[in-house]
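Order of writing sets the labels: A, B, C and D. Residues in every chain begin at 1.
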Amino acid sequence: MVNGATSNVFTGKLNQILEYSAKAPLRYIINWGRIYSLWPVHLETACCSVEWGAVSGPRFDVERWGMLGAFGAMRQCDVLIILGTVNRKMAPRVKTIYDQMPEPRYVIAFGACSVSGGLYFDSYNVLPGVDTILPVDIYMSGCPPRPEQLLQALIMLQNKIRASKIRSKKYVRNTEN
Amino acid sequence: MSELTVTVGPQHPGSGHFALIVKLDGDKIVEVIPDPGYVHRGDEKVSENKNYIQNIPHFERPAILDASNMLFPYVHAVEDLMKLEVPVRGQYIRVIMAELNRIISHLYYFAIYGIFVGHSTMFMWPVADREHFIDLAQMISGQRVGFAFLLPGGVRNDIPEAVKERANEACNYFEKRLIEYERIFMNNPIFEKRAKGMGILSKEDAIKLGVVGPTLRASGIKSDIRKDEPYAVYDKLDFEIPVSKDGDSWARAWIHIEEMRQSMSIIKQALKDIPSGPVKLNLRGQVRPPPGETFTRAESSRGAVSFYLISNGGMTPYRLRMITPSFRNLRAISHITKGLLLADLPPAFWSLDYWPVEADR
Amino acid sequence: MSETPKIKHEPPKREKKIADNITVKLRKDILEIEIKPKRIKVKVKPESIKKAANFFKNKLNIDHVASVSGIDYPNDNEIEIVYHTGTYKHKDLSDLVIALAFRISRETPKTPSLTEIWPSTEFDERETYEMLGVIFEGHPKLEKLFLPEDWDDIPPLRKDFKNPRR
Amino acid sequence: MSEIRTFPDFLKRSSIVLGVSVLFIIIIFGALIYTIPAVSNFKDVLLELIGINSLFFKIAVFPGYTWAALIATEIIWFERKFIAKMQLRVGPLYAGMVGGILQPIADVIKLVFKEMISPSKSDKLIFYSVPLLSSAIGASLLAVLPVSDGWLIMRSDVSMLIVFAVIGFVPISVLLAGWASNSKFPFIGALRGLHQMIAFEISMLIAALSVVILSGSLDLVNIVQAQSRIWFIVLMPIGAIVFFITLLAELERIPFDLPHAESEIVMGHQTEYSSMAFGSIQLGTYIRFYALSGIFTTLFLGGWYGPQFLPAGFEIINQIEWFTLKTLLVMVFIIILRGVNPRFRLDLLLKFGWSRLLILAFLNLFIAIFILQMGWFPFTGGI
């Protein structure tokens, strides 16, 4: 049906036709762009941030995959790396930051504490894993994980993105229809 | 009143794991209220449920980049209550690990300092050189950062033969690099302008606030637990304590550079003098101090770290309080940032080497 | 607990001299004095803590507090508060740690704040307040420091605190 | 109507505008074809309109937007790679075949297909117009940039004034971005940007004025022609230094990147921008980076002229190549400065700008007048 949201007098149903015909190559291109441009949010939740420093440093150099060093504002970021323990005071902040990030967004749980509470599983102030508040894409073990593990996690995330489908409707959050 | 309140942190490139509530008048800081607790994990309570060996990895987590120094007072406290005499070789290895950790931690300090003043090369260079010392520590202990190497009664294992050569290589290389650091960072005119005379902590205020470590020494007080109350084998080694009278951000950074030089000299001496013999006592897993209390101190890379251990003779500590240097330096943050510009906030408070995880415990 | 202060162990000379000095000046306020090499622990009556602190600061040159620790003793129904103090100005005493301890009731844990005498106690007293529920009267800002804003359980370092995760 | 979320959504919503503009372009082209006398055949007309000598080609391809955008994107790659080498790292490696050369393309693709967020209380119209304004400022500088004798989009008698008029819009775009975001850090960043650019623009103008005095013209082409024998950087080194420093401040490069100082105010006025809105601000900044480096080359480095002392073999390097080479060298030098310097502070910067640079700029102006009065520079007004 012709309505203002999907088509108009100048383009007709061109949008939809283009969308269907160009889906496969477009998907490859878009996913390729996303794979090599994962910008992480600068959020340190606990002591694993030391190893994050090492990962962005010269020996492991995560920028080889196009991942910048920690990025300032979350509006431009794609990956939220939970660097260690999330406690009860930090949890609402982490949630807020995740909500402020634009789609598509990915979460990596870095270290045992963010996976399950780790060494602090029985502490009164620590969440039993960050997946109680966020959807997590990649889990990384270790306390703290070695930098190579983050590179592995990054490649796993890239494979995940490569296999994902493009859905334009997914990003619409507050729409009436 | 045209006051603007901005919250710097916990998600902010210039804060890390804690928040600063900054009240601004124009660009000038009226007041800074630190808001820690974003990494509070209840270490003191958790430790009451674990036995003395299980507690070892716990107590290095607050300052994982300074693991061995954090464990020093803990093992001393247990040894003090149990009246243990640690073999001399074990004590030498402890000192080597502690000084390696000091260099690793100080290099991380410079990395973050570089980022906070917008000098990205100064982030990368220390992180690169830090890997050399991490390699050494890894050769000795088998882990990258969280070594859990010090035990009550000694250290976990002996050092391999090749460490001596590698350590000398790394130290000789790094001594040259330190000169380059001074050239590119410490003596950079822009950095000097931004750091000299900024965030001054006078001698009187330093005493009044009870700050510790490089912050205290930069304010002109020659205080170092390694000299004041020599533990392990520090009284047999020859080293200097750098002191500055200025008390500003630049002086605090300079103290860190000099301390790295001293640490390298200590490592070289310790590797030369190290006697042969056992490295630990065979306690057969019986780490169970008798009832009593003790208060032990050690000089970590950020300053004096103390443990107040109260045992009731049980398997687990009755109460264990850890007093970390960052928690004591937290007192100085709002003091030194008063009247600065907003731009100077991250470099000024980072010059205290404030590590939030350590302060929150 | 006896009225006259008693001395445990055979004390080292320098520490004994300082302990004697304290004992003479604060005879009425001291319950017990414990001496070890480089460590002195002075247990005082809770009501005379300010007097003892003033004496420490003015006469013994104690210029900073390393920590304020609270220990819960549910069996005695008491909370012990320990101020570990030291000095930077006095070079000879730099290895000495003098602990100032007193016990208060567990039901109504109230004690005067020492922030006026030693400004370095500010954050430590706040921590003891939230971790053990001790109220320091006269503290400039007695608020939560580490615990989350919505903490509604009893203070976590009390021994009867039931850990929900364990 | 749902909110604009991604760039394709944005295109969908704005398809009416696109359609209308296409219609307008068709009408204008039609009118042009109709009015051109002696229409021999369609091919000639097409060549006239979009051929290699046409104005359209110059605006759209070379030396206009496409060329500048290409340089801008690849200078981003070069910057990341070069800084990485300075920092003992590898830098981008796996995106693209040769050393991650497609890294900026990947970034752009990702940004285009990312969700677009605007803060709920922001001023939407201004918020979304700033990225366009930022790109437009960068692009319009290209109009007067003389890459060679004949190759420029628009020759004007007052092209240097046009440059400064266009640069004057930069603080406005920064302020609008900070204001429309309705957030604290962008606001502080915007005010910083305003302070900084106003403080440095005057020195910049005066430094450029001395060039005008010597060359006797406001036309950038004439200015370059006046340097055919001797470059102005040799005659007026102080002016060149002043202009270079103000250039850094104008471009918000380290050590003058205060308006978006990461560790202090997050990303400054760009904090709230996501997706391609952020991308086009960045692209605009980098196009401006290219254009202003080109202006520096034009004013002080002799534009398209090669050095006179070179042996004869270098004549094969033509004017466009000389210009591009010099501009790229200026850009590389600016990138090197980023690797070795920390950031300035606002009060130091203002003090430096008003009390040092301004005085130096005036000193340079007197030197220029002196040189002119003594008759040491005989090429005034071109050759």
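The criterion applied here is as follows: a contact is a pair of C-beta atoms (placed from the backbone, for glycine too) under 8 Å apart; a residue touches a chain by one contact, two chains touch by 3 or more.
The model shown is predicted, which means the values in this text are computed figures rather than measured ones.
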item: Relative to chain D, chain with the most remote C-alpha centre; value: C
item: Comparison of B-D and A-B (more C-beta pairs in contact); value: A-B
item: Centroid distance [mean C-alpha coordinates] between chain B and chain A, Å; value: 33
item: Between chain C and chain A, distance of the C-alpha-averaged centres to the nearest whole Å; value: 48
item: Whole-Å gap between the CA centroids of chain C and chain D; value: 65
item: Touching two or more other chains - residues of chain B; value: 12-13, 37, 40, 42, 45, 49, 120, 123-124, 128
item: Where chain D touches two or more other chains, by residue; value: 87-89, 262, 266
item: Overlap residues in chain C, where contacts from two or more other chains coincide; value: 146-148, 156, 161, 163, 166
item: In contact (per the touch rule at the top): chain pairs; value: A-B, A-C, A-D, B-C, B-D
item: Complex contact set, residues of chain A against chain C; value: 87-89, 117, 121-126, 128
item: Interface residues, chain B side, partner chain D - complex; value: 4, 6, 12-14, 27, 114-125, 128, 184-185, 188, 190-191, 193-194, 341-346
item: Residue ranges of chain B in contact with chain A within the complex; value: 10-13, 16-17, 37-43, 45-46, 49, 57-58, 61-65, 108, 111-112, 120, 123-124, 127-128, 130-131, 134, 144-146, 357
item: Chain C - residues contacting chain A, complex; value: 146-149, 151, 153, 156, 161, 163-166
item: Chain D residues within the chain B interface of the complex; value: 83, 86-89, 184-185, 188, 254-255, 257-258, 261-266, 338-348
